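A short write-up of the structure that comes next.
By letter and in written order, the chains are A, B, C and D; residue numbering begins at 1 in each of them.
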């Protein structure tokens, strides 16, 4: 992918998170990777969204070695890098403090699959990470945030459940493309809102059956998908 | 009814569900039937709403035999067909994942008639369907979803309570016309939101009296209706 | 007051309830009275808000004797008349199904004065009416709805607490002018929303002290009011 | 600072509170101080926001001695003055009745630091003031409201936790500049909303660790801040 295209797509994804109400103030950041060149583009730190152009996007490689840039990258860069290094198929990552996903992260409440809205996009429970240790917080906080997300997906395919709730913080969401990562971030917020309300009126609500979860997830994903026009 | 009129009306109903905030992403679909010709028009599968025109609407008969179409129909077509076959007076069907109706479906919580807002449009409890069996999910999921809705209305007039909550999924709503189905879908969401909040602050809240339910429903429906200018 | 002015003001108040999100579909109605002539103007029944003009407003006297009108009045007319007859200083009445005021009416939960937002506009508890009897519902439902509101204010000044929650139905709100009735309807909805949430997280929350209630209510109302520029 | 600049900034901050949905009707007021001249500009009392210009802003000194003004100041002026006198580094103060901050104030529920959204802007618990005594309410209500806020910060740096919830009333928020006070008022409302929902689904939720609170607060504040482009 052309680097200018990547930067334009990353800009668009960042603006989409604001337009969809997932990001307030300057909370949140989106990045994308071109797996061929190994280059990543990410939002700059603390630049107001209304002033942001593709040229503000910061480019670096998988080890965070910066290319020529006008700006400093998002303060969450090291978390993005840890996820790109660990999760092969991921092409884009979005971090937000969207209201209900953050509420569930603050409550340390994994989001179980309570309905087909969830199952259409997330194949199983959306996990909450463990707490960071005091040492991790002090010495390598941002990178360790990536590590505990990776830990939470041990033995699982991160593209089947493309989101994690960082305990006491908020969601990180991903996808194979920037478009799918934005969509997953929107759906996560709606799924989190529905889960919060479902569990408040019905605290013992249980997940829908594995059969129903599979039926919905697999009609939209994988080689036997039937949804859409292709 | 002219087929072009039907397709235009179905397009408008689909767009109305988005405009009224009942549908996010591509969740949701509306269809209409011309009872004289027996032809149904329904939204195509997975086409973005902003690109949709009347020509995208997919036409078929009551057994799903497709007419000449450019697109594949909504993946929920078989549910719509089951309802049109079982419910004579129904002229239009809408499926959404609107937030509070879906929450009540996830909580498997029927919506009792807690107030006159409910009673003006729904004459009694809005039911939740039974769970599908593993066999139903695997072999004929979409049609079986229609069957369990029909089951939930055994002995009841589906036009008096023009909505059902599919357990763990979301609402299906109907009406004699596309306009009334859209209105019913909007009112259902508001009624579900009010019910959720009423029952959370007052878990033992009970339905309004049958007299009051009748008074409100019948002033707007049936031959003795007094509401409006006609 | 000129009758054309009254009708224009009543139209504006009806449109304001929609603009402020207090009314969905055609739920709701506003009326005003010219106490000098004894004439009332009220919204017509079931006319879509987007088509409404001042000429649609229906005029009658305090006994409901209709003047020359193009349309039938709101189906809630008799409730408005009962309130105008019983409450001398009331110049305008608004009925809505605004979300949280209706939720509290469905929960049959009076709104106690939990904060100064309440106290600035409502001097004490906003009452819930008693249930109507089966006979009242069958024989004179709409007028009886007015009667139970009047009952709930026995021994109280209705202008000091310009709203009531009709059990299982929704709010009626009033004021000395159409402008103040619209404002009271907006504040009621916000106060109801805050009360619902306060009581859900803190079920034993109690009213603010009478001193504090008086301090806030009286700085905005009565002869010793100090608020504003006059 | 030029007095005209101060008045323009104060006007903008007042309008921003409306634009961000923190203020309904005429609830709320913003003021700013020029510490060099000791002059304060504050919103006038009861003037509709849509008519407000910089010339409506009311100017006085720290003891409330009025300069030449066209209007009467906000009825909350004495609270602002008490805070400016007690809190040296404060350059701007905003009072709103924003929904969730007011709900927590009505519930008398301090907002503990449940997540990094809170910790990025508020270094510790946002306190609730004690109740005013009947004497304070009757004799010097507005100034006493300022005093109980000051009391709640005894031994704490008010710029580290730039907000207080006045019991049974609502939030007062501040900052070193008008821009930061507006941002703090927005973040407070979001943090209060998240806290309400976190505690409702998880009543025993506890604060994030002091290490994590420090990590987030100090990356945005103080001499070692690393956030942004400077």
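FYI, a residue touches a chain if its C-beta (ideal position, glycine included) is under 8 Å from a C-beta of that chain, and two chains touch if they have at least 3 such contacts.
Only a predicted model underlies this, so the values are computations on that prediction, with no experimental measurement involved.
The pairing of chain A with chain D is characterised as different-residue: of all residue numbers used at this interface, under half are used by both copies. Separation between the centroids of chain A and chain B, computed from CA atoms only, is 33 Å. For chain C, the set of residues that touch two or more other chains comprises 200.
Arrangement of the chains shown, judged by which pairs touch: one closed cycle in which each chain has exactly two touching partners.
Chain pairs that touch one another are A-B, A-D, B-C, C-D. Partner chain A is touched in their complex by these residues of chain B: 24-25, 27, 44-47, 71-72, 75, 97, 99-100, 102-109, 131-132, 134, 137-138, 141, 168-170, 196, 199-200.
Interface of chain D with chain A (complex): residues 114-117, 120, 183, 186-187, 190, 193-195, 197-198, 200-202, 205, 208-209, 211-212, 215, 219, 226-229.
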